[in-house]
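Labels run A, B, C and D following the written order; every chain starts at residue 1.
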């Protein structure tokens, strides 16, 4: 196979900080090349350089042996490079076809030829076997479809090299599977693909070669067929991972009792359809399900962010149905939200301000409405040390933290509430394996202390590793309950897709 | 803000007296202040005093400007209008040795000369003339804002109309601003479309819009402060006059000649401080046939009656 | 008072609304690329001055309108440079520009025409009033729509034009994209800054026309501060119409009709202050029916709150 | 050492911008033929030259500070209050009427008037907030429109039922308030009154509130991410209502102190003509909604205005040109070209020094 792209000795410095240090990297035609590494290892930075969004401090880029410099994305696009960003770059109010052709629209003189656009996009989707409805509004599409739109956009612009930065972080397992098949298909059609992901099993499944980064340097380049997950993760984190410790423990009294919870939907279909279950102290209950099947609504209902129409919720025997968030939290609930940027933090605020949310009301940290800053500082500094959160200071803005570190702040804050019950939603989304293991351990420790955790995750492996019992949701209903010891991935997947419990 | 700061500042004649004219607003859209400025400057030049005009950006600036004028040693400080009333009361009371004058309002202090006008008398005369001249028995008034001061124009005009033509109806519309000729014009056009053949303009700069409307639709109107008939004698048939420049000139003249006198001086028809073209003042333009010679004769009679006291025109702001 | 509305009142409304409508259309170009332009008032004022200056200098109405547009474009360029290149807060820059426009026009009025307050010349001709021949036959429409300047007609045509531009043209589609998600627009290689510049200059063009209509169409003169708050009303019309050309037409007309109604009510025994309130009160009430769409919050409030 | 360098470099931005602003102003001045240095010196003297000018600058800044503080409080909680003008006007007229008609001694009148002014402004602002919260009526438009309604209503009050019939009775204004209910002047014969002290104290209180209190924290977070606040159990409606109420109350207080401390009556249009509300908005935006920063920015903007008056008084530069200079200075001070560059560098440093 021919080498299509070479990045040679790329160095990128931000001030005194080196994000990329002499990284060399080659991409062959028709291969899928995975780049892995911890949060902040420099993966995205390297790709931004390739895509013309950043200029390297030193180093060269060659395409088909010819040296190139990209001052902006437009120039990279012209050289056949396309990038699917981690956070989608879409226009939600526009149709799929418009999103794909924008910048390169079919036109009749000055007019935008939308019919032609739909036809072209339809043909393109057909050719690459990416099913979409070109006339649909992007804002109404599920994330998996949006992802396909991003890929089609890149293909539409004639990309030979496709960069995908953490494309699977937000997808459901089924969507991930489809995406991986698509990527293989594209590679077979001669496209070269760079895939960044934290999920090593995906890498092993789909990649031809793997480049591992740590602290801005290359720590290994491997053939996927000749390596193991363990070897790659050792190269990533620089040490062996321990695996999480699970203690056998008897589940105690029911802490959370949910009875026939019902929320009416806008279009006739209920959002939650008489959901009942309970969580006992000393256990982790996992809720599996394809996103959009009522998990988010359930979480919001339990936490007081969404009113319920019928049913009751009892926490430690006390009714908390339709109480305010504050009352529910005071009754003993902590909550790791599913979207850390939307709900879990204020990006512009400092690490400290993000970390003290909820704690600021406690008697311990305020006197007559005046915050006791010193005690709060101590509290947050304690977490920064015990959770090994990388931040320059307490005053650092949250948006300057990497995703993994920000997630650690949230986990520290919520575990710090020391409530008997924790609602953990997607606790490790987009987080590297080191941090993931750490967070998993925190959840497990909480269970081991005899407290209760309700884990909502679209990541089946996470559910399987942590849970004692597994509930599966489909179309607003709990359609099955499984014992984690005996449940298989196939069983769960079947239920998630609407099948019957065997 | 003036081009001639007296005699170039550095002349060695130390004996030269200094007069400051402090206007409560920017001269901007108001011919009233422009005339005052001209009158003061003219007198200053003729009688060899140094003069400085200071325009105030807003109400809060008036007091400051007065105080600065005191601090900078002006010998006579002239100001104007009700807007300056409060500020002048304070500053004049605090500086009993300074000489002040105020035009167009009364400040009752021993070191202030107050000059006021009875504009209502002139407006009454214009109303009388309009009442006599209208063929449609419909008249319009376009006024700037619904504030008490403007009642001297709107109410007195209506009184005048009533006196000569009880059958005529007058519609009054307000622009809502002193500087919106576009809206004033539309109001005049509307009044005309409803039959008014004469529209009395009392909307400051808006009057220019009223004049344009009259020209476009061929109806009649009148102006304010100076002889506006010169602009368009075919449509601007009268002008209500106010001799602000003469009053300002007099004030400076008396001061320069050592005749400064505190107290109130009123200028009405009798004192020739207000007037109406053709009735009290000559005009370069001939009388428009809409206002016949006969009307002028009749209105002149009314003027005489006002001067003699046979007719009293009440001050609407005092009611 | 025979009736509240008559045709001459509505005819006047059609005309009075024009500068507001034009400025609102211009403002929407800025809003659509994510810039909240509070400088409309100042821009229209500069346009009004430019038109009179142009007329006085050249005696040619076409050139006068061009000069009006040119002078507003210059002003807009300053606004664009300061907000886009120098990253100034657009509201601070907009307010400062309003001050600048007021000061500069007054100053130039004084230095160029040697008058204070207003410049008026009997010899000067304003924009011609057109009577469209085919309308002459129809009794009601004739009265409603006759005697308007070409700019009035143009303004109503621009509503259609801008609608087509936004929703049918390639350039318009890209402009909307920049406003909706500038980061995404940048990532697909659109020249975001260039498009923002173009939008601000486009706004300048509209405000130039609005000014020309005010000082050469409505009247034939320039007076200090003659915009008298129309720019702010345009801002309201723009927001209420959600930067949608037809919506802005509707909200401008709503305001215009209410203004007309308030003129009629002045004759009745209601105090003037309350009749003058009418257009504002009715606009507030109208807002209960036209709920705000989210993009407004992104342009105005949020970006500037920081 | 590094710290010191950073402070220095963050100072460079406003300095460069200021320089460009002054250059632009210089061009305007040179058009009038006045020596540039003399013109700027006159501006300086007019603003800060001696105690008298200094105090008038501060007096002028008083309503601007209060308006700016009110607007910044709303901003901090995520609301864009364009209605400060109307809130100020209603506050002013309410204060004037209360001081006139409230029975009791001077001090009672004074206190009642201040309360009335703040309540009137606060409720007016709350009306907009309520319409936004309850009916999704966009706050940005409604506050702008409510300004006109408030001004016309206040105008009506002093034109019809409560008009001043003493004196020349020419202006739409209320009667003069009796002297006992006036806010005391700070220096005899100068315009600076106790309202300024009040404004500064409020600025300090707001700083403390934002930095050290539970409510201040909740307010900031609500402004930065309302969803995060809701998730954390902050009662957003309460925060919004309190903030908009306070924001309006501060605007109302701005009008109140103008009435009680300087005009001693409500004069129609006297608060809207100088554009206090827009200036207050600029002060807030220039200072990034920081209360102390807003105070300084307000004094600066007021100084530009009083300086411009000084310039007009003592040179041939006409008043209009001084407003041109003002605008030029503000335009360039608002420019953030060096700032954005520095901000980038600062963040890099933060990242570089990771623990």
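Everything that follows uses one rule, which is that contacts are C-beta pairs under 8 Å (C-beta built on N, C-alpha and C of every residue); 3 or more make two chains touch, one makes a residue touch a chain.
Just so you know, these numbers come straight off a predicted model, no measurement behind them.
The chains in contact with chain A and with chain D alike are C. For the pairs B-C and C-D, the count of C-beta pairs in contact is higher at C-D.
Greatest Cα centroid separation from chain C: this falls to A. Rounded to a whole number, the gap between the C-alpha centres of chain B and chain C is 35 angstrom.
Chain A and chain B, compared by their mean Cα positions, are separated by 76 Å.
Averaging C-alpha coordinates per chain places the centre of chain C 28 Å away from that of chain D. Per-chain Cα centroids separate chain A from chain C by 47 Å. In chain B, the residues that reach two or more other chains under the touch definition are 26, 146. Shown for chain A are the residues in touch with two or more other chains, namely 348.
For chain C, the set of residues that touch two or more other chains comprises 106, 271, 273, 276, 306.
Contacting chain pairs (ordered by label): A-C, A-D, B-C, B-D, C-D. Listed in rising order, the residues of chain D touching chain C in the complex are 75, 78-80, 131, 135-142, 144-146, 148-149, 152-153, 155-156, 159-160, 223, 275, 278-279, 281-282, 285-286, 288-289, 318, 320-324, 326-328, 330-332, 334-337, 339-340.
Across the complex, chain A meets chain D through its residues 14-17, 303, 305, 324-326, 328-329, 335, 337, 342-349, 353-354, 356-358, 360-361, 366, 369-371, 373, 384, 389-393, 396-397, 400. Taken in their complex, chain C has these residues touching chain A: 168-174, 177, 180-181, 183-184, 186-190, 306. Per the touch definition, chain B reaches chain C in the complex via residues 26-31, 34, 146, 171-174, 176-177, 179-183, 185-187, 189-190, 193, 205, 208-209, 212, 231-232.
Against chain B, in their complex, chain C makes its touches with residues 6, 8-9, 12, 15-16, 106, 116-118, 120, 122, 214, 218-221, 223-226, 228-229, 263, 266-267, 271-273, 276.
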